[in-house]
Amino acid sequence: MAVVLSAERLRCVRDHRCLFSNLSFQVSRGEILHLKGPNGAGKTTLLRGLVGLTTLVEGRIHWFPQDSSDDEKPNEKIWYIAHRPAVTLLQSPLENLRYSLTLHGIALPEADLWQALATVGLLGYEDVPSHQLSAGQQRRVGLARLFLPVEDQISIWVLDEPLTALDVSAVHQLKERILTFAGRGGAVIMTSHHGIDSDAVRSLDLEEAG
Amino acid sequence: MWQALVRWFHRWTSPKIFYQISRPWIFWSSVAAIAILAVALTWGLVFAPVERLQGNSYRIIFIHVPSAFLSQAIYLAIAIMGLVGLVWRIKLAFYAAKQCIPIGASMALLALVTGAIWGKPTWGTWWVWDARLTSMLVLLFLYLGLWALHNAMERQETGDRAAAILALVGVVNLPIIKFSVVWWNTLHQPATLKLTQAPPMHISMLIPFLMAIVGFYLAALAWGLSRTRLEILQREPNARWVREELDQLGSAR
Amino acid sequence: MTLTAVIQGIMRRELQLAFRRRAELLNPLLFFLIVVSLFPIGVTPELARLSEMAVGVLWVTALLANLLSLDLLFRSDFDDGSLEQQLMANVPASLLVLVKVVTHWLVTGLPLTLMSPMLSLMLALPSEAIPLLMLTLALGTLTLSLLGGIGAALTVGLRKGGLLLTVLIMPLFVPVIIFGTGAVSAFIDQLPWLGHLALLAAMVTGSLVLAPLVTVLALEIAVED
C-alpha cells in the first residue's frame, strides 16, 4: 500500500529532557498507527511535530513521499484532533462543524453536517451554544468532524487521545468508525490508552523505540 | 562548502566552546576598558579645555554620548542575535541577547540621567522634550518591554523567541521613531543649544572623547560576555561540563 | 471552495463571536467616553485650554481603549484549541490573521472613530477639524490593531496580557501618534498637513503588509509552547 508518511530519525528534547531520539517509522494507507507510552513519553509532542505545530529538534518528516508535488504541510488532507477540542463555546455545534470545514476549504451540503451530528448523538442540540452542553457533549462536537463524509479530501487522521471522556457506546462507535476509515484506505495515527483490535493496527511504543 | 561553514558556525556557537573561549576575552577587554576609560575620563573631565558656549557642563558628553551610542548599538545587536537565534536555532544567541537587555537598558538610563544633569545648567530644567532625549526615552521603554516580556514567560525558550520577535519589530521601528521624534520636536520647540551638537571639537577634546567611546564599548563587551557565561551555566544545568564547572567553582571558594 | 468563500466564512465567524460578546464591544466605547470626560475635571473646565490639548487627549485615549480590547484577539481561540486548527488551515495563516484584525477594527476602531465627534465637542475641538480627526483616528486605530495584534500574539499564552500588551506596543506606536495628532494640529493652525497624513497612510500600508506575517510567527511560538 502507498506510504503516506515517513519519519526518519526523529529526536525531541524539551526542557533538558530527551523525549525520544532516533525514531523512524512509516505509515501507509489503510494502516492505524497506535502510539503507546506512559504519560510524558512525548506522544502528544510527536503528533504535534507531525502536523507542524511543534518543531522537533532533529529528523525528517515526509508526508506523501511518493507524490511528486512536494507538499511540505499537507494539512488540508489531515483531521487533527488535539487535546484542546477546538470547540468554540460561543458557537453552536453546527457552526463549529461548518467552521472546521471552512478552514479546510471544503463545502458540504447542510444535510451531511446534520447527519454527522446525529451520529454522535447531538441531534436536537445543533443550534444550542456549545457552552450549554456537557463536557462529554462538547467533546463529541469536536469528534463529529470524523463522521463527515469527506474521505475524498481528507485521507489522514491524527488523533490525540480521541477515546477519553467518552461513554462506552461512544468509544465503541468511534473505534468502529476508525476501522471503517482505515478500511477505505485512510491512514490513522493516534494515541490512546484504549486498545483497538484489528489487523490494521500497528503499535509503536515510544518508551522502547526511543 | 556552505555546509562546512554552517557546521563550523554551529560548533563555534556551542555554549561549551564559547564558555572556554570567552574567558581570556573577558579578562583582556576589561583590563583594556579600565585603562582606556581611566585615561579618557581623567583627560576629559579634568584636563580638556573649557568649552566656549557651555562652559564646564559640556564635559558630561564624555559619558553621555558613549552610553547613548552603546544603548542603540546594543539594541541592534539584540535584534541581530534574535534573528540568528530564530533562523538557525542557536541557543547561544538567545542567551547573549537576553543578557544584553539589562546592559542596554542601563546604558539608556545612564544617557537619560546624564542628559538631565546637562540640561539643568543649560536649559534651567532637568527635563526638556529634546528630540534626542525623547527618542532615548522611547528606547528605554523598548528595553523595558523586552525585559517585561522575558519575565512574563514561564518557559525561558518561549521568552527567548518572543523577545526576539519584539526586538526585530522594534529595530525596524527605531529609525521611524527617531525620524518622527525629530520632526515633532522641530515643529514644537526648536532648541537653540543641542546636547551633543557641539561645534567642531578641538583635538584636545576629540581624543579623550573617542577614547571614552572605545572604553565604553570594551567595558560593555566584558560585561556582556560574563553575563552570557553565567546565563549558560544557569540554562544548561544538565550538561556534564556545566556540572563539573560548577563543582570547581564551588571548591575554589 | 474558493478563497473568497473561505475568507467570508472566517469573517462571518469572527463577527458572530464579536456580537455574541456584546458587553465587550461596549467596553472600549465606555472607556473612551469616561476617560475623556475626566480630563476637564482633572485639568481645567476652560474651553480654550481644553481645545489646545483636545487632539492629543482624544488620540491617546482612543488608542488605549483600542489596545485594551486587543488582549482578547487570539486568547479564546488559543484557550479552546481553535488557534491550532487555524494555523493548520488551508488558507495562509497571515491572511487569516489579517481578517481577524480587520474584523476587530470594524467592531472597535471604527465605532471609536464614529464616537470621536461627540467627544471632540466636549473638549472644544474646532469643528472644522473633526472630519480630519476622524480620518486620522480611523487610520491610527487600524494601525494599532495591526501592531497590537503582534503584541496580542506574543502574550496570548499568558493568563493576564493586557497591561503587558500596552507596555510592549505603545512605545512602537510613537510615530503614529506624532503624525496622526500632527496632521490635525497642523490643520487647526492652518499649516500644511497633507504630509503628516501621507506618512500616516504609509505606516498603515506598511503594517498591513508586514504585521500579519510577524503575528503568525508569534502565534506559532505561542502554540508551540
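Chains here go by letter, A, B and C, matching the order in which they are written, and residues are numbered from 1 within each.
Everything below uses one rule, namely that a contact is a pair of C-beta atoms (placed from the backbone, for glycine too) under 8 Å apart; a residue touches a chain by one contact, two chains touch by 3 or more.
Computed from a predicted structure; not experimentally measured.
**Student:** Among line, ring, star, complete and other, which best matches the way these chains touch?
**Tutor:** Per interface graph, the chains form a complete graph.
**Student:** Considering B-C alongside A-B, which chain pair is linked by more C-beta pairs in contact?
**Tutor:** Contact tally favours B-C.
**Student:** So which chain ends up in the middle if you average the CA atoms?
**Tutor:** Measuring from the global C-alpha mean, the nearest chain centre belongs to C.
**Student:** Averaging over Cα atoms per chain, report the distance between subunit A and subunit C in Å.
**Tutor:** Between these chains, centre-to-centre, one finds 37 Å.
**Student:** Provide the C-alpha centroid distance between subunit A and subunit B, rounded to the nearest whole angstrom.
**Tutor:** That gives a centre separation of 48 Å.
**Student:** From the mean C-alpha coordinate of subunit B to that of subunit C, what's the distance rounded to whole Å?
**Tutor:** The computed centroid separation for subunit B versus subunit C comes out at 32 Å.
**Student:** Residues of subunit C that contact two or more other chains, please.
**Tutor:** As it turns out, subunit C has residues touching two or more other chains at 224.
**Student:** Taking each residue of subunit B in turn, which ones touch at least two of the other chains?
**Tutor:** In subunit B, 155 touch at least two other chains.
**Student:** Using the touch definition from the top, which residues of subunit A touch two or more other chains?
**Tutor:** Touching at least two other chains: 55.
**Student:** So in the complex, the part of subunit A that touches subunit B is made up of which residues?
**Tutor:** 15-16, 55
**Student:** Which stretch or stretches of subunit C touch subunit A in the complex?
**Tutor:** 1, 5-6, 9-10, 13, 16-17, 20-21, 76-77, 79-82, 84-91, 220, 223-224
**Student:** Can you list the subunit B residues touching subunit C in their complex?
**Tutor:** For this pair, the touching residues of subunit B are 86, 138, 141-142, 144-145, 148-149, 152-153, 155, 157-158, 161-162, 165-166, 168-170, 172-173, 176-177, 179-181, 183-184, 187.
**Student:** Residue numbers of subunit B touching subunit A in their complex, please.
**Tutor:** Listed in rising order, the residues are 89, 155, 236-238.
**Student:** Can you list the residues on subunit A that touch subunit C in the complex?
**Tutor:** 48, 51-55, 73, 75-76, 78, 80, 82-91, 95, 98-100, 102-107, 129
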